[in-house]
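Structures given as structure tokens follow.
What follows is a pair of complexes built around subunit A, which joins subunit B in one and subunit C in the other.
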Partner chain A sequence: MRAIAVGRFVLFALFALLVLVTPTHVSAEPSPAFVVIVNPQNPYLALDRSFVADAFLKKVTRWPNGDVIKPVDLPPRSRTRARFSEQVLKRSIAAVKSYWNQMIFSGRDVPPPELSTEEEVVKYVLTHAGAVGYVSGDARLGDAKIVTIR
Partner chain B sequence: MRLTLRASLIAIVSIMAAAFLVVIVASDLVTSRVRERLVEIEQRQIPRLELGPRIAADFAELTRTFQDAVAAQDADALEQTRRVRDRIVARLEEGKAVFDPAASEELRVALDAYHELALDVSRRMIAGEGGEEMIERITRMQEAQARAQAQIDRVVAFDARYLRGAFDDARAALLAGGRTRLVITGTCLALVLGLAIVFTRGFVRSIAALHEGFARFGKGELDALIPVRGNDEIADVAAGANQMAKNLAELEAERERAAAETRELLERTREQAARLQAQEEELRATNEELQAQQEELRLTNEELSEHARQLSEQRAELEAKNEELRELSRRLEQKAAELATVSAFKSQFLANMSHELRTPLNSMLLLSQLLADNPEGNLTPKQVEYARTVNGAGKDLLFLINQVLDLAKIEAGRQEIHVEPVRVEDIVERIRRVFAPLAAEKGLSFDVGIADDVPRSITTDGQRVGQILTNLVGNAVKFTSRGAVKLAVRRPDPSVELRTLRRETTIAFVVTDTGSGIASEHRERIFEPFEQGGEAGNRRHGGTGLGLAISRELATLLGGELRLESTAAEGSTFVCYLPERCERTEKTEEPRRAATPAPKRAATPAPVARDGGAAPDDATHLLVIEDDPLFLEVLGRIIGERGLSWLAARDGATGLRLARERRPRGIILDVELPDIDGWRVMEALRADPATASIPVHFVSATDAPDRGLALGAVGYLTKPAAKKDLVRVVESLGRQRAHRVLVVESDASRGQTLAEQLATLEVETTVVKSAREALDVLEKKSFACMIVDLSVPDIEELELLEILQRRAAASQDTPAVVLYTDRPPSRSEAMRFESYASVVLDEGASTDRLLDEVRLFLRRLEAGMPRRPTPNQSVGVRLEGKKLLVVDDDMRTVYALSAALRAKGAEVLVAENGAVALEMLDANPDVDAVVMDVMMPEMDGYEATRRIRAQPRFERLPIVSLTAKAMKGDAERSIEAGASAYLPKPIDADALLSLLHSFFTGEEKA
Partner chain C sequence: MSSRRSRIAAWSSLVIGGLLASPARAADIEVPGTERAVEVHGFVSPGFIVTTGNNYLAKSKRGSFEFSEVGINFTVQLTDRLRTGVQLFARDLGPQGNYSPKADWYYLDYRFEDWFGIRAGRVKIPFGLYNDTSDIDAARVPVLLPQSIYPLYNRDLLLAQTGVELYGRVRTRSLGALEYRLYGGTIFLDVATQSTVPPQGLTNLEFPFVAGERLMWETPIEGLRAGGSLQALRLDASFDLPNIGPVGASLQGALWVGSIEYALHDLLLAAEYSRWIFRLDSSNHAIAPPSRVIHERAYVMASYRINDWFHPGAYYSVLYPDVENRSGRAAQQHDVAGTLRFDINHHWLVKLEGHFMSGTAGLTPDLNDGVPLDRLERNWGVFLVKTTAHF
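Here is the complex of A and B:
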């Protein structure tokens, strides 16, 4: 009988050890890698991904209501920009740079301004009516409005 | 003023010409304006047109360069943009002349502004700036870029406008010119046409009047005159025609009168015809008389033909006489042939004479030598000295006899010459080397010289020329006691008259001395045998007086002349004129080749007779390439009888294959073969190194020996062939491969000659130029015999001999040595030479003699005797217990020989002729060796030798032949008869003794 009691103990101990070692799962929904924000006066709540991409590459220059689109970028080394570039523009930062390079020196267009911090981006969006930008999911947005990307 | 036709024509033509001129000038004016415009376009607009796009392209490159630099993140690459900008500026500078300066300046400013901005922007972009200020900068830069681009466009656009203007100008000028030309041309044409119409109308009217007038004249109305109108050429014609009509009317009247006279004349002619008929009648009568005369003529003709017949009879008689004459000439030819035979007899007689002379000389030399040796020591020194003198005199006499023989040979035409290209320098150098020391010894200076215009080489017999020059220079040195001897080679003097030679192709060898000279009365006789420049000279200098005679004969033989130009007491000059090319090449070369028979296999039995004809070394002896089975059978029998093995090939291809595989000793080759002919087979054999050295003998029905020999065959026999000839061929091919002979000769041409002559002995000859080479060669191969030229002994050659002597002492394989020299060796030299060599041949020794010696050695070799009868051993030679048979009819020789042989302890039997010798041998079969003279009464030496050899018991008995006749062929004959060796008479006792000794030692060894 004693032997059986010892066996049970060992099994239990093993089980406990197993439960302890397993990492705890974060139950909350993860904040998204980035959000696209616009000026609060902007009437749109959701935008097509391709429209946003064209806006950032200045292939379209006006909102559907006729206002001028003013895109604003984060610095190239920002991880948020990297995600945005991959998921929305569907091209790498280097490719985007090369694209702008061509645009610049053939005198066709200039790239969106690159602002060094997310706060500055939020500020820019708040101060420019036609502006559109993106920041990381956990940034303080103030009055800026998040648009959903379809 | 007369308005003539010519004037009118000229006027019209000049007006037309003037009009043309106007048109040409006008159009030239127009074209020159157009041209000016075009030139301007070409010089100003076209470069502008070209430069514009280039600048635009450069500008595009500039922006691209910026773009690339930024893309590459490479700040240094921005420097490149400066280069591109400078290029654009340079282009602007280049186009300064054609661009609007203001526009160009503006463009430059805009370009600079853009460049500055772009540089700044690029650097910042590379640095990673991207803020709003940056965007502003980029915008500014893009504006500057747009400005610059616009400026460029302006320049280009401006050009296009300008160009169009220029073209419009040019086209307008062209159109205006065209119109002007049209107006002028039209005016001129109208003017000319008007004038032509006015003129032609007047002209046509005048012509019509003229035509009408002429028509009237034609109808006979000669008095109807043509109206003369105007003052031109047609008016002249009308006046002339009127005059002519008047004259014609007069002529008509004249003709009427003449017709009447003609009628009268006709009447008179008729009368004369009647008279002529009468005369014809008379003529016929005369003709009949003539016929009678013709008959007489015919009769005379018949008489004449009678005469002709008689004449032809006389001609027949004449022909008969002619026939007799021909008969006579035939007999004459026969006589000539007989004479030739007599001449041959004469030389034979001379040869025999020399034998007769040599025989007593022989004993004299032998006995005097014996006396001088003083073996018993019972003579006083004085007596020994006398004996030596006798011996020396005897040797001189022998030399004289040799020379007589030489002369006889030349006169009998038996001297052969060997023509080939020879370097003049070699000949002269040889003479110089030989005589320079002799001259120096006498205190004479000796110069040689070759003129520049003498060709480097001439075609002649170098050895004979050398002989002539040796003679001449030798004489010069001999007869000159003070001064100089000179040898010069040059073209003949123009003053000299040559008998047969052409001056341009003749060379003169001139030997000059400062000796006693030759008096004019001796000049002619000097070339006769036994003549010298006065009896006294003879006494003082010795010599035979044959040298010049021989030299002259030799010169003639070479197609040249030998002359003397001399003044007594002032020295003499001998000139030998020789043609550059001796013409006797063909004559001497051919017969020699064809006539030299392969030396026959002699009595020493061949060591090959084995069962079944199989050769001991299992090699095939002979290969017969022949398609005739009958002939093959015959040949096979002959070959088999000689104990040789053989193979037959029925066609050329098989033959070649067998030759390569079996390497036979010899090949018998037919020419007509089923596949490839014999000539081609021969060529193939020679081309293959494996078969090149196999002797080939042609036996063919095709009669072309020259071709066969030219291909390198050893002989050529024409079918049908006699059996004995076939035997000869088989034996010569079947014998062992040739012995090797090494010739050490620094003179290449002499070496070559020797090699060729040795080739007749069927030996393999190697010629080397120096002792060093000789040693090399001796390391590799063994040689039976070595021939060394010591005319100019040099240290190396003597060393070579020493080395060989040492080797011989160590009983190594060394060749027998034959030395020869051109000049008499000094006493010490002679002794040294003799210690090295088997044989020393000196001055006067002919090539024949050399060949004889070599042949002798080879014979000894074949008989299995030692190669080298060690010289000077005779002193120690002992012949005790040996029984020798001496066969000679001359008792003095017998006595001398016996004395010499007995002195060495041999028992000597004597026979006075061959028959007696045979009897003696029967009685004494234990004889160890036979010494046999060849010329004896009753039975000569050849016959006796043959009979001895016929007896099996004497198969290996040494027989030494004594030949006196130095004529070629004696040696061969005695070897052929079966002699083991031969010695020329007079006999050198030492040579005989060492020869005998070698036989006995060889026997003991065996």
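Here is the complex of A and C:
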């Protein structure tokens, strides 16, 4: 009998300890600075960072399955674009602008379209099969699919 | 003079119109009945140059505004693989250009795959890191790219060729990416816009061919690329000289440059080393004996973007027009340059630049009252102000 009482006390003490060390409310995971999104028909779930960088600089123009890649950008003053640019393209927005000036005025290529808002980016991705874009982590995505960047 | 003014006014209104029409992005013209649009981009880039000691690029000792470019281009993606475009360009660089408009480039570009595409038309020549973008002020920090390898005087000679280019890029999983460009064609040179004094008795000038390649390796180290470029060309000229009669001359050139660049986040480091080998032959060896000369050209450059609006940079550039004769002021030119670039916004920038020059190899007697290079000032300075608006 005494052993059972001791056992109950230990269980109670462990439960009390668990209650004490557990935060009174569980905070949600912070939203990521940006997420890369594709059309829901796009079969890929994860992409190499270098592939995404090449796609946004138009060094590659086709998905591995042969579909045309249609990258879409946010405006230069967007903080989401700044983070995407530094983390994925490894360049500041100004450096990317210089790159595109070189391409534009030497006749090599033209930059991806720049849309004004994240809602427009999501809409573009949903209406273009090969599209790839990025938006902030708390943006409304509709049916757009998030891909993991490796 | 009024014709020159009207050309400036026409160009300015065209490009400024584009800037006003769409300040935030390229001015797109929708193609009716399709999703496609003609993308329109342009720039206006006026500048001022003043030098001490010698005239350079223009009559610059007294200060000159003849240091300006303007351009506008139109590009349309016709299909997923086919694109076409044209750029109209005009400049005023001392005695050259005088705002005469010309088709700077025009092409049809068919990209079969990322590893193989074809461009045909008048296309920029890839030579070194920056030759094909050397007249795009907004795309770099310095006003003058290192003149040892990217001489402004030779812009019409080395910037574009009319012919075909094959290009492509292959990325591997562990060795980075390899980009190649192969080209061949000819160059159309307008003698009238090349210099103040056309060579005496010149009756004909043509390039039978120009051909070359650029191979660039994007290494697995993020931002580091290295490569090499080769170019071969031939220039034939005909003269009708007083008391001598017709004389033909042929210049064959072989140019190569090794390049390395590290560009990551806001830092840029670049270095290039080049040799240009020229052989001259003529039908009259008494007037122009056969000769061979090798130029040596090199630079190192660095820039760092401090913040959104301030981007300083510096370089050292050296030129020896004859590697077998490096003594004397006319046989060399050392150039130490510093630039401050201020980006007012995403479409407008201002640059201030200073150069300390030692040697006169990059100068011309034409701009210096016919004084030979070995009698011009050994040490001299260049100060430049340039502002560029682009969309």
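Everything that follows uses one rule, which is that the second predicted complex is superposed on the first by the 123 of 150 C-alpha atoms of A that agree within 3 Å, B and C clash if a C-alpha of one lies under 4 Å from a C-alpha of the other, contacts with A are read in each partner's own complex, and residues count from 1 in each chain.
The rule we apply is simple: a residue touches a chain if its C-beta (ideal position, glycine included) is under 8 Å from a C-beta of that chain, and two chains touch if they have at least 3 such contacts.
What you see is a predicted model, and the numbers here were worked out from it, not measured in a lab.
Superposition of the two structures on subunit A shows subunit C clashing with subunit B. In the superposed model, A:A95 makes contact with subunit C only, not with subunit B. Counting the residues of subunit A that each partner touches, subunit B and subunit C differ, and the larger count belongs to C. Shared-chain residue A:K59: touches subunit C; no touch with subunit B.
In the superposed model, A:Q87 lies in contact with neither subunit B nor subunit C.
Of the two partner chains placed around the shared chain by superposition, neither subunit B nor subunit C is touched by A:T117. Looking at the shared chain after the overlay, A:P75 reaches both subunit B and subunit C. In the superposition on chain A, contact of A:T148 is made with neither subunit B nor subunit C.
Legend: residue contacts after superposition of the two complexes on their common chain; A:Q41 is shown touching neither subunit B nor subunit C. After overlaying the two complexes on the shared chain, residue contacts for A:G107 are found with subunit B and with subunit C alike.
Clashing C-alpha atoms between subunit C and subunit B appear in just one of the listed stretches 55-63, 91-99, 217-225 or 289-297, and that stretch is 91-99.
Residue overlap on subunit A between its contacts with subunit B in one complex and with subunit C in the other: 75-76, 98, 101-102, 104-107, 110, 114. Of all residues in subunit A, those touching subunit B in their complex are 73, 75-76, 98, 101-102, 104-107, 110-116. Residue ranges on subunit A touching subunit C, taken from their complex, read 50, 54, 59-62, 68, 75-76, 86, 90-92, 94-95, 97-99, 101-102, 104-110, 114. By the touch criterion given at the top, residues 24-26, 39, 41, 43, 71, 73, 75, 77, 80, 83, 85, 87, 105-107, 111, 113-114, 123-124, 132-133, 135-136, 138-140, 169, 171, 177, 222-223, 263-266, 305, 308, 311, 343, 346, 390 of subunit C touch subunit A in their complex.
Put simply, subunit B touches subunit A in their complex at residues 63-64, 66-67, 70-71, 118, 121, 125, 128, 130-132, 134-135, 138-139, 141-142, 145-146, 149.
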